[in-house]
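We call the chains A, B, C, D, E and F, going by the order they appear; numbering starts again at 1 in every chain.
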């Protein structure tokens, strides 16, 4: 994964003129697209692309027992798999620290804003609740997985239908998919990741840029304009001023991302369409 | 093959639950080169089943002692996405996935010229994104396309399909509902140009005569899928030729 | 595990004359013996030998909860351990792909023919059922593990006694070994494995032969003459004609195997006897 | 941040549940060289939070291929003792511990001169012995002291603290009870001499303005902790100087 | 971990004159100290030092279900972690064979003497009982972990307060820490480990000595003067006479250890004090 | 040692539940060379306990860095078959199996001339096929026979037996029922020719005097087992000599 020093040099010298290797300006995202409803058997799903980065999220709804300390809430379980078909160094096996960190960043962003109204997800209070399994599948990694995975997660939740829970004659709870209602979603959240290289801030770093980044700050923004999470990654640091500037940029760019989600929700798509226009 | 309920899987007119006749395949579509990082990739839809396959390699083996001095090693992982099934599936590999990874690998290894790349490994990753029956077959169909897309020399493509027996009738390309209620499910894969059966499994009960007929029926389906595979490659090849001409 | 090419040559040239290195004809099994009742503390057990291949199966009967989708059936759990004392390259740890495949082939053969009448294995419908643990232990590996393990499994099931389930005063289910009845077995199944080498089909390949096989087809045969499972293994292929010929051979040879089981059931044996006549 | 109960976390006089004002740190004490085997070690108490950190290295890497040709690798494990929490914690690493090990490692790596020790590894182990809020911050504070104690060249110490928002008020160095009921929890760590923020996380909701103020408040706490760290090292240094003079 | 042969020689030649490298006599322990109550959030805790060996034990009390065959007893679970900060070759991950052996030796010593009165630890007979988690944490390893960990374990149990179990309005059992009573302890046990080197027996071998030991015998002694456990470790052997002599020594030395515990219990200490006087 | 029920383990005539007197061994039989692939193997029955042991080696170590430059490494796995116990045992190694593998390995290592085979490994596998008390002892008895059968130079065989205390009486070679209800269980193993105790464990409570007497009693049993071991080897040796004479 060592990028020649010469490439770093050219990235830096172009940034001096506010330009990036792929022609973008510092605050510009790559092309973004979101397709919802691509996995028909899942209760909710979405595929998000940012440039060549592809993230697929499927949501399954099941029945389980609540956490003892939260007996009157449904359960949301967020998991991320960096499957080995997505990148040469991704390996089979349990999620590594990067996949765990990504899942937890998204999980916290959803939780802190009460994005899913888990209090409405109880079936029998204290005994049976809905479990919302949100599984993130990275299919192609070209940098900035966080923003793509958050986009796909948010769109998939908005695409989710919750089957009606019915007790059978033995008292077992079964889910009836024929009577399903939209998942209660309180509000929306996106993540805007901002890289720092040569002291400059750039939005949506691609893989090539990530390899020369000094540090990165992923900022979760709610659709009510609040900061709903931050995570600094990378081996270097930010100054307070840089953090403040990054928050400002994130607030700005979040609007674009919310618009992309809005557009995507207008009509469900197919995986065939979503994957094919990769060329 | 377990449930108690009696479902009418074939009506009096010989129509199956999705309207097909016994010897009809489900709608299939396939595309190669759908991923950027992989050296080769393919996406296959067969009815409700959706699989994606990627190939990396030939590349170096770590740790070294896993390499063969005289040929490439082939590793294969068949894996189901947690959201691909009716009930959420744990992402940890199940015993079923371990077995299928093995038989798929053995089927693919029969067509790859591994001796061309000693001391390397070729990694084949199959992800089932939606499971509606016949996932190992669609996975094989996709994986052999991905090998071709990666430019790895192969003797032939692999095409695969599952034959089932429902209410005493042999039917082609069973879907999940049929699989759950059928008397037998026989996935098979071939290197079609050589008439070689490279994967053959039978779950369920057949008479010896039915076994022969099932293989016969499977072959018919496999030949159709094989034609589609070749078309898919050809289309892409022409496209990229045209493109390169434009460049030239 | 690389066998000198010269050995492959001699195997092939002998097969030209329908002969094998150990003097067998192509359709001939090695010596087969089955001993039942060798583990007295297990509810059922059998040791099967095919040549120098030795497989021991023990069956334990326990109490558990049924699968939610099959509330009125007992549970059969088949597991295979290739313990490291059986072969130089077998390693400690969870079953590898070969052990998993073998256990699943045997499991399917038993399941597809309803060999064990699991519907009779309910204790309290929907709540408590018998669990039949069938554990396969390979003790010595000289080729054709599948047929030997299936033989031992089938014989062990036929040797199994199910203890009576009784509720104690707290309502806990306990098993009373003093009142045990034979496991309800609907029918019998065996597996005949047929190797292909130099285009020839051979029954019961030994280890030396397995190392030069092009492919192998393991065919499960029910005692009603049906094909109850097939599994092709190995890096090469079969033609349709070869499969048909293999099925015919398997049907034929299955009769020998059923006879071996019949003989073994006539009197229980001891592990001492079973292991000692290895010489 | 989850519980249902309404607890008064700040009274009408602006006092917090443990009597502190909004900008007060909890009592802190720290000591280095508390372990014999480790190359460097430190123990930090911050209110009820008790952490111990140890450093081994630079030392050889096994297996070799994990080494870097141009610098030392840094490995870091943040781990909680089973008895450190209210309910017994399984000793197997949780997803939380995996994440925190990563962000702590990245923060520490920003100050270590790793290029001085190519092909080696520096192991940093943080054990939380009692958890009462702010464990990752206390862990960082302790780990950078342990690095110094091990004699590993660092550009600066790392000092860390968590800022919280409770009932709309930004408060410094939240404890566990405050953490459970707060609106936001923002752990941050700095290399104070360089004014560099090397760890920054936010769990919870802040307005952009509050984010700035929270960082400002965190900086104040960090500077105080930094002074204590330097004193701790100085005291030990003088002690050992005095000792060595006695020897001479 | 290879100690130069020259060091072995000097250890042996000094032992000829009943002396040890650190100045001790063969039957002498290093300095021992025990601090109880060092983890205030745990229900019980103790830190024990023998020379530079440091062991910390924390005890958590929880609620769970009893073992089916012991429905009217609480559960004691002993676990040992050799965390990597304690020694250069300790590795992260599940306990290795040394940690497992140590935990099991201590577990058996506690169990065989009924040290904890588990029969008094029932909440609802057959359904809910107290679970006593005894977690051993080795912080610094300079030899003779067994004796130090047993000391810390015994002192921590004597320091443990059991919170009152109360049912909430839903019937869930909650523990009330404000009403806690001392853990019922029937009697005390310590372990005295005796090494054999050059045919001589030495008490409390330190790390340097352990590296040249031929064998070691860890002897559990109850405060009623019985032998409550033995474990021989190491690659060599003992004669019967040596075992008898070791038992005699252990009985003698156990009195010192019981006295150390008695002293420690007189006043709770802090981790700050316990760790700082390491210098 | 846990159950509540009071069972009469020794009757008024001093007979144990299986009719033995306090100092009687259970019936023992043993055989070597029972497996073809292993370099050495042995099968031992002691009452209802049935164990089989196999030895592979000296052979190459993988990975290499586990090898010792000056001697062979010895690895040992004591493992119980899932069907060997009253309740089915999970095949994953339990903490008990991990501990017993260690103490058995240490006992065996005391008699093997490991320095003859530097940089190699000797693998010893013990499988308990039926457990009725004294499995670690029968396992050691079998393993040392398997080492001899493998032709690996050893100073002495290892013979082992468990002594128990029941209703205040010391008894030899306790079976499972006795083990469950006894006051003490003391497994021990010796290199009998050298009078060396190479394994010694005590679970339960003994007075110091009883400890001595228990060792004394154990020795008696061990000597009998040792004689049987030597006979077993001799018989086979004569047999193979006779055989080779026939060949010549």
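As a convention for this text, a contact is a pair of C-beta atoms (placed from the backbone, for glycine too) under 8 Å apart; a residue touches a chain by one contact, two chains touch by 3 or more.
This is a predicted model, so every value here is computed, not measured.
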Same-interface partner of B-C, chosen from the options A-B, E-F or D-E, over half of the pairs matching: E-F
Remotest chain, chain D as reference, centres from CA atoms: C
Centroid comparison with chain F (C-alpha atoms), farthest chain: A
Euclidean distance of C-alpha centroids - chain A vs chain E, Å: 48
Centre-to-centre distance between chain D and chain B (centres being mean Cα positions), rounded to whole Å: 52
Distance from the mean Cα position of chain E to that of chain B, given in whole angstrom: 58
Rounded Å distance, chain A centre to chain D centre (Cα mean): 29
Residue numbers on chain D that touch chain E, as the complex places them: 29, 31, 33-38, 41, 43, 45, 48, 50, 52-54, 56, 59, 77, 79, 81-88, 91-93, 123, 125, 127, 129-132
Chain A-facing residues of chain C, complex: 68, 71, 126
For the chain F and chain E complex, residues of the former touching the latter: 1-3, 95-96, 98-99, 101-103, 106, 109-110, 184, 186, 190-191, 194-208, 210-212, 215-216, 219
Complex contact set, residues of chain C against chain E: 170, 172
Residues of chain E that touch chain D when the two form their complex: 39-42, 45, 52, 54, 56, 58-60, 62, 79, 81, 83-88, 92, 94, 133, 135, 137, 139-142, 271-272, 275-276, 278-279
